[in-house]
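Here you go, one structure.
Chain naming follows the written order as A, B, C, D and E, and within any one chain the residues start at number 1.
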């Protein structure tokens, strides 16, 4: 939003307009996000099936496209079991915490540039903060409570071990995750996601896009992806819910909608990670623009979505290819490999930027 | 106006969280109310224009330090607090004393309020300004704290790791 | 428009709550959390003063406090774990002897 | 097609390493011997089973270091009622031998061989569970297959097949 | 006493936690229950609790005619029915002194090796799935499906085959069977390459398995481990080679042995065995002799259907075998064969009647399970899962 000077007489009007636009944007983004979450489950099932010589969901709708709907209905109507020995307030709060923090980080993620719809114009983003990246990090760092409290309040040893593993793992990998982003921040000179994307416009030698991944941050990209996989508890880092050891880890005791909330949180986190990776390393909505004006207008969003889809696909691909780490190996990898590499990347980027300046 | 509403809102949450911390007997509830306090403090920092501090408050305090507390509580499987007779003097003299002192300070402050009304975002606490201060004017303290935290990490590792002899103590033999 | 004193009073309330927790709680972890609460109260007044005098140094101080708090939490919790291992209690009244 | 008749003469079988070793060690403990269908069976006096087992395991030429199987047979109603059967294998020489010890039916007990072959642990528990034969010196002689509160020992021939009524 | 699995401490002793793994747990392969005593995530002690599947097959055998026991043997180790059939049939044939014709022997070898492939595929899939690599599981089951189809072709059953009978086979293999097996045998090494591509070279898989759940050769022998578990610890023993049965002396194959004694070594042994087995299948197909598949022993072997309808004698024998069984000379045998999991032994005591006096099955998993406790001490919880996978337990085999 461009800067406005608030005056007392039109303050009410502008607040109303601001509220309406914000609510519409929020509703649209949340709607899209939840649909994306539902369909990433479908995508996961379909891709994994094809990796494994299976068909995946085919019964509900064409290509099983209505499967997420059926799953949702199933989750709602399933009996919601609450074991007698759980610590009830936290047991109920944990999935809510998980899903709320997973979804709310989408608020600062930009999907595209400024658009004009009739007389109104807006950024394709719920809100643009100049510390957007930090907000995302802060919100995702709060997500660990959902997992940890679920494990603790279930009053189950498997769940407790899962919760402990999850919290230790997420706190550890957050360090290298945060450090891997510092290089990008140094290059862009801003913490605003919009500025970071804007800094990646243009091309080298006419054909290589000036995305950060091609612009000295390749190492950071891989560190980010690995840490992000660990942060979202996905294979090969899915130890908190390693079904072969801990049955289902922190959500062993959950059923019905509460279980579905953890599921939603996991996939929403994946979407967030994919969005951040796209924005920070793959140039966000930048990409070749062509075609008729209407197409040109929505082209950036399409590019953004394609890149996010690529990351979601990568997630699924990795999950169904790799085995799982062991817990000590995971910790050693995070602290002894990723962290030094991330620090080295920060130092290197800082030196290069200082030398160029 | 908006500022006042938001201040009251988050301030009340803050106070409620702090009092809940005292009232709860189970440490995990106390920890969660402390997280609430910290999150609403972050909101207050935003009101004061210190947005970077607010973000760091959430990431470091709520996201890392309190996770440590929660992990410790989970790890030690701490149950509800048992009520024991603590130091009588602390309770009998300390509590009224502290409350009285606090009231006195509050009364002093509110009696003659200076009214430097500042609006939302009046002060730029952006990352670049903070960075300039931190890496220019306060470089030495910054480096000293980095050494401090390194030492703290090493100390924590040494303290928390158990000697091998304890873990594999001798036991009766035979199945 | 909120005057500085309101922030200071809020900060004071938090600090007092922390002190009270320190005095009346018997669980060592909760006592430790009370200390964090006091630090948070102080941080608030730092930020409020920084806003009042338009000086960012106050905010920088908050960072230092946070770093110290983080270091303190790490060491303190490690000590608590070590104590719990030998005493098997978290009640400070049962940890009042230097020897076992 | 026709089966060769079993050889029960100790003198004819002396060339077999296990029997040779046992005779050299303590000939009086060898109660009987049978070579039937290419398999050698040696009956050992039940009180010396542990020493015999040790002697076979520590036999330098052909160490019977692998306890392939341990089970029992119930010859109810004849006495001695039980036979505990040990199948030994020499990993290096690929020789097999079967040791047997006869036990009385009244309160069957025999020395445990867990200290010689630790693998006997579960086998002896199983025999105890299903036949009720006690193994003295076993570190944890408890039921393994049946529930802990089960009555009777199912593989005994006098166990009612349809359960206690 | 050093080799014994040490005691189980009282719960909470030394600040340890008792974790009940099983009997319903995703990776205990059936109803195995392991009581783990853990310190953090480190295993202090493992105590297997078994018996949840105990159905008393040994007792049931005593009430059946000799030929009626064959279907029971399928149900012991339900992943390798044919090897169980074979061990039992060999034992009874040894008691009877019965020679079986060469074609039946070669068919037995062929089916036996297919069974080994079947069992190893299930092992490989579940082992990989325990370590988080689920795709391998489905790949393995794709090939296992082919093997099960072969079982169905010869016996009409996919799992409980009962194809080997006392005195030979139940039926001639159907037309086109050998061609189909040949096609499979030609394709299969490529599939093994595929599995290995996903696992052997995968750094995470190697990290999870190398040096994990180590078992020295001495410990392995002392704890009675057998089969690939023993060979993975460097003990070179394979009954197919060392005590050849049913014509294995006519086949050339290597016995893979690894000396490392860890999960990875056992994995490599079994994968190498997959390749050796398919080699044996190829040899069996190439040299399959002609002739009958049943021994010429009318008192023991059921007559062909055709003869039964045309010859009076055959009808009488059929009637007698079915109604009163056949008597077996008194005596006892212990017949061991190399099942996919190790030494599968049948100890049968005959008292000269038509029913076995005592049948004891020496299950390889039962023996390997004892080694599990030894392997797991000092490892992490995740390693227990890898160790269970590496010894390839089948609970039907343990509990019987």
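Heads up, the rule we're going with is that contacts are C-beta pairs under 8 Å (C-beta built on N, C-alpha and C of every residue); 3 or more make two chains touch, one makes a residue touch a chain.
As the structure is a prediction and not an experimental result, all values here were calculated from the model.
Under the contact definition, chain A and chain C share the contacting chains B. Distance between Cα centroids is largest for the pairing of chain A with D. Of all chain pairs, the one joined by the greatest number of contacting C-beta pairs is B-C. Centre to centre, using the average C-alpha position, chain A and chain E are separated by 47 Å.
Centroid to centroid, with C-alpha atoms defining each point, chain C and chain E lie 63 Å apart. Annotation: 28 Å between the Cα-based centres of chain A and chain B. Between the CA-based centres of chain C and chain D the separation comes to 71 Å, rounded to the whole angstrom. Shared interface positions of chain B, defined as residues touching 2 or more other chains, are 52, 56, 64, 68, 73, 75, 166, 174-175. In chain A, no residue touches at least two other chains. Along chain D, residues 121, 139-140 each make contact with two or more other chains.
Every residue of chain A that touches chain B in the complex is listed here, in rising order: 90, 129-131, 134-135, 137-139, 141-142, 144-145, 148-149, 151-152, 160, 163-164, 167-168, 170-171, 174, 178, 189, 191. Those residues of chain E that touch chain D in the complex are listed here as 1, 3-5, 7, 50-51, 54, 56, 58-59, 63, 94-99, 221-225, 235, 237, 242-243, 297, 329, 331-334, 336, 343, 345, 347, 349, 357-358, 360, 362, 366-367, 369-370, 399.
Chain E contributes residues 17, 19-20, 25-27, 41, 128-135, 138-139, 142, 198-199, 202, 204-205, 207-208, 380-385 to its touches with chain A in the complex. Contacts from chain B toward chain A in the complex involve residues 28, 32, 35, 39, 42, 51-52, 55-56, 58-59, 62-64, 67-68, 70-71, 73-75, 126-128. Those residues of chain B lying in contact with chain C across their complex are 1, 3-4, 7, 11, 14-15, 18-19, 21-22, 27, 30-31, 34, 37-38, 41, 44-45, 47-50, 52-53, 56-57, 60-61, 64-65, 68-69, 72-73, 75-76, 78, 81-86, 90-91, 94-95, 98-99, 101-102, 105-106, 109-110, 113-119, 122-123, 125, 129-130, 133-134, 137-138, 141, 145-146, 148-149, 151-153, 155-160, 162, 166.
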